[in-house]
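There are two complexes below, and they share chain A, which is joined by chain B in the first and by chain C in the second.
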Partner chain A sequence: MTADYINICLADDDEDDRLFFTDAFDELKINTRVSTFNDGVELMDYLNHSDSVLPNVLFLDLNMPKKNGVECLLEIKKNERLNDIAIAIYSTSSSEEHIEETFINGANIYIKKPSDFENLKKILSEVVTINWQYHTSGLNKDNFLMRL
Partner chain B sequence: MKVYLKFDYTQLTKKIVEEKLSELGYKYSSIGFGEFNFLEKVPSGKINELTGIFREYGIEIVENQKSVLVQKIKDAIVEMVNNDAPLNIKSSVFIAEKLNLSYAYLSNVFSEVTYTSIENFIIIQKIELAKQLMINTPLNLTEISIQLNYSSVAHLSTQFKHTTGMTPSSFQKIIQKRRALSNKNKP
Partner chain C sequence: MKYIPLHKSPLFLKIIFIVSVAIIFFIGGITFKHITVLKKSSAWVSNSYEVNIELECLISYIKDAETGQRGYLLSKDESFLTPYNNSKKLVKQSFKRVSILTANSRTQQSNLKKLLYFINKKQNYLSKTLYLHELGMYDEKTFKNNLIIEKKTMDSIRLKIEDMISTQKTLLQNRQQDYEATMNYTPLLIYLTLIVTLILITIAFIKMNRDLVLLRKTINTLSVANEANNLAEIVGGFGSWHLNLETNQYTFSDNEYRLIGCDPQSFEATRATFLKFVHPDDLEFVKQNTSNILNDNDLPPFTYRIIRKDNEIRYFRSLGRIVNIASGNKTFIGTTSDVTEEVYAKNLVEERNRELESSNKELTAFNYIASHDLQEPLRKIEIFMSRLVSKDYANLSPAGQQYVASIQSSANRMRVLIKDLLHFSRINKAEKIFEEADLNYLLETAKHELAPTIEEKKALIESNELPTLNVIPFQIQQLFINLISNSLKYSKENSSPTIKINCEMIDAHEAEILPDNNIKYYKITFKDNGIGFEQEYATKIFILFNRLHNKNEYQGTGIGLAICQKIVENHKGFIVAKGELNVGSTFTVYLPAE
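The block that comes next holds the complex of A and B.
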């Protein structure tokens, strides 16, 4: 039996956050393949490459050098090949204005970065699980909105 | 001399499978849609042999019986949620009877394959339906809660908030603004 992998990408300029993120997935029992990118430009270069494996869910930090999370979000949503990827904003900001803006522009999930590792694991597992249901059960992704 | 052939792939495949199975002495019945039922127990070594034989023809045995079962469970849940199943039947009873297997077994297989529980999947389905009704029909939340068999509108609201992290009204607001934005961007 070939294992079902869930492909996950993260773009975040903070090295510690990237490390926490990959560690958290290593400890979950869900089969995942995680790729990380240091900024928005690196991420978009990867996604725009025509034979890149597209992620099932993409985590975007908002504050990144060169190209920030909102810019990436807008670019992805305009691109027919990419606009079906579920997008999770992964940010330290909890400003209601920011949150609403990213949702309106097409984000599916908004995660306020948790301060402890246990919580991070719990949140990521919840996100990946529910995203998997959207992915495998024909649920309407237009209505996929979630805040954690 | 050249001749052109036209194939009926369904018939072709069925014929190959039937011939091979008869040739090897298996007793089977064909259920259709690629489903074959062996009338006697087949040892797993024999299944491997069959897999090898069929592979030459590009025919693959779907090994993952569990995925097939999970799909059947999901179908039963969707049916239950959408066609408001009788109120007096518990969902566990409904699903177990529908699939004719024990709920404990179904529940284990479901969690193993989908990473979530049957109970949780039912909640996700109900909330999804509530979302659809909220944005595509004039029904208000109280009416929706009645249609989806919630004991009260508060119960639906709480479950909505718990599942999505937002209230039904902020969900509605975001969808409306999104629609307004995409209408504006259209020429």
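The block that comes next holds the complex of A and C.
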């Protein structure tokens, strides 16, 4: 892993959302490398492979077939090698239960998928440039949900 | 019912019986003693007579001896000497008899001794005179002297005997007096004790009679109570049983038999015969529950199934406990009731509850669909539109650009609709946690939330002091937000909106809409100077999706006021609207003060 670019992963079963995601990073002039996965199983296979490059930030959709976002989150937090990865929940839902559950299980931030492309770009650039060390130490339930 | 006098009287009657028997024995004893005394007394009388006769005999024998001696002295006839010679033996015999007869009297014995002396003296002189006469060698003087002594001695004897007779008489008299004294007071004693016995027996009789009357009354009351109980058992569908703890015998009431479909008292009442009717699946359970009743003194209620004689399955509930009955014995009393209908009704309610629960779950699932699945495609439409606008807007024809704007506005409208709908269902679903909250604070946060709009419209919101109430805080805040934003939304275009919030406490009967009771309510009014509405729509506006205006004129989903109504209902309150077209509208919220 070189320090030249930021490594980003996204696990989302929705093809359109994956497209918006990669398009947004293409348009943002940030030096990033984005890998996408179609579901939780694919993501975990990649992460558990000892040769794979671990992402700096992992975006997790909640509602996925085979293995959903919460299951992935639990698995990652249990794994010593993986539990330092910053995890951003990336979901359509903004229900209290989902926010609460992922917060308790150790996610770093909760992003509600925006309905405007410009908004999406803004959010993503913000998330990617967060100083995670600083953010994690001051994490509480109020700043967990990302607001712009 | 009074039982106490009844079960105490046997003791009383026993005491009376014992006392009576003792008295009768006493009287018997006294009578026996008296008869003995009487017998003795007559013995004394005859003894006295015998003594007297014997004494007379004695003196006559001595006289015979004297007469014989005198006759011989005068006539020299030997035949006169026979009584004289006989008299010695007869006197001795007679004296002995007297001595025996008077053996128990010391006075008489001493008298007898003196008498014996005189008799001996007399006899000596008689024989001495006779002897001198035989010899013929006595002078006239001596002879005469002897005769004088004889006479004197004879007098002494006579005196002594008279004395003895009189002594005997006195003795008899004394004894007679003693006897009479005894005889005098005993009849009185017997009479008195008899009277006492009679009184006691009379009291016992009265007591027994009274007990009998009481007993008859009690039996009467009991049989009425019994009949009433039987009737109650039939009407109430329950039976009773009791277990005599001394004899270990069960008794079942008539209805207990009817409950299991049998004729009353048609079989012997035992635990085993009853258990035969219990449903095989519940048998162990029933056995377990009833095995310990004697130790626990209590049978807590439990429900089980039985199979009636006609094979119908019924649900029974039994319970019982030890009671102390009047006689001081303990009895275990239990009741059995047929609770089949109750159990069925309960099952029905449970089933309904399950149905409700499942339909609630369906609603939750619907909610999830609304919150997630419906928003998903909408978001896609919006994001693609935003991409289209940012990338290819310039390439579109003016008509195309118009269409894009319309699509965007429709999508936006749908987003608001979904959001409001979700809000509405969450008001229903969310946990209703009531806590003390200052309504002034809630109003301030509501105003804070609406600050941009308030500022934009230059609105003026006035309010007086609001109370602190036990409410669901976020809901009341939502209520305030919805009411204020409603007023802001329907404000007149050319004047700045004014909202006056007023609060006062009223009695329930002061407002028509409130129930007719004594509860106090807070009446909170929101009065604005907006476009108002016609009064005929005053109730319609609270119905979900109901709007009075075209959506092009005023933005809105028709959900806001429906949410208000829901919130107020959650707080057991009421909300009414009053409107006047082009003047303004007033929303009044009533919240219970307690």
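The criterion applied here is as follows: the second predicted complex is superposed on the first by the 127 of 148 C-alpha atoms of A that agree within 3 Å, B and C clash if a C-alpha of one lies under 4 Å from a C-alpha of the other, contacts with A are read in each partner's own complex, and residues count from 1 in each chain.
Everything below uses one rule, namely that contacts are C-beta pairs under 8 Å (C-beta built on N, C-alpha and C of every residue); 3 or more make two chains touch, one makes a residue touch a chain.
These numbers come from a predicted model, not from an experiment.
Once the two structures are overlaid, the count of chain A residues touched is higher for B than for its counterpart among chain B and chain C.
By the touch criterion defined above, A:Asp16 lies against chain C but remains apart from chain B after alignment on the C-alpha atoms of chain A.
Of the two partner chains placed around the shared chain by superposition, chain B is the only one that A:Met146 touches, whereas chain C remains out of contact. Of the two partner chains placed by superposition, only chain C is touched by A:Asn63; chain B is not. In the overlay built on the shared chain, the residue A:Tyr5 is in contact with neither chain B nor chain C.
Legend: residue contacts after superposition of the two complexes on their common chain; A:Ile130 is shown touching chain B, with no touch to chain C. Of the two partner chains placed by the overlay, only chain C lies in contact with A:Ser93; chain B stays clear of it. By the document's definition of touching, of the two partners only chain C reaches A:Phe117; chain B does not.
By the touch criterion stated above, chain A contacts chain B in their complex at residues 1, 30, 100, 103-106, 110, 128-130, 132-133, 136-137, 139-140, 142-143, 145-148. Chain B contributes residues 63-64, 74, 114-116, 121, 124, 128, 131-132, 135, 163-166, 171, 174-175, 177-178, 181 to its touches with chain A in the complex. Listing the residues of chain C that touch chain A in their complex gives 371-372, 375-376, 378-380, 382-384, 386-387, 390, 415.
Remark: chain A residues 14, 16, 20, 63, 92-93, 95, 113-118, 120 touch chain C in the complex.
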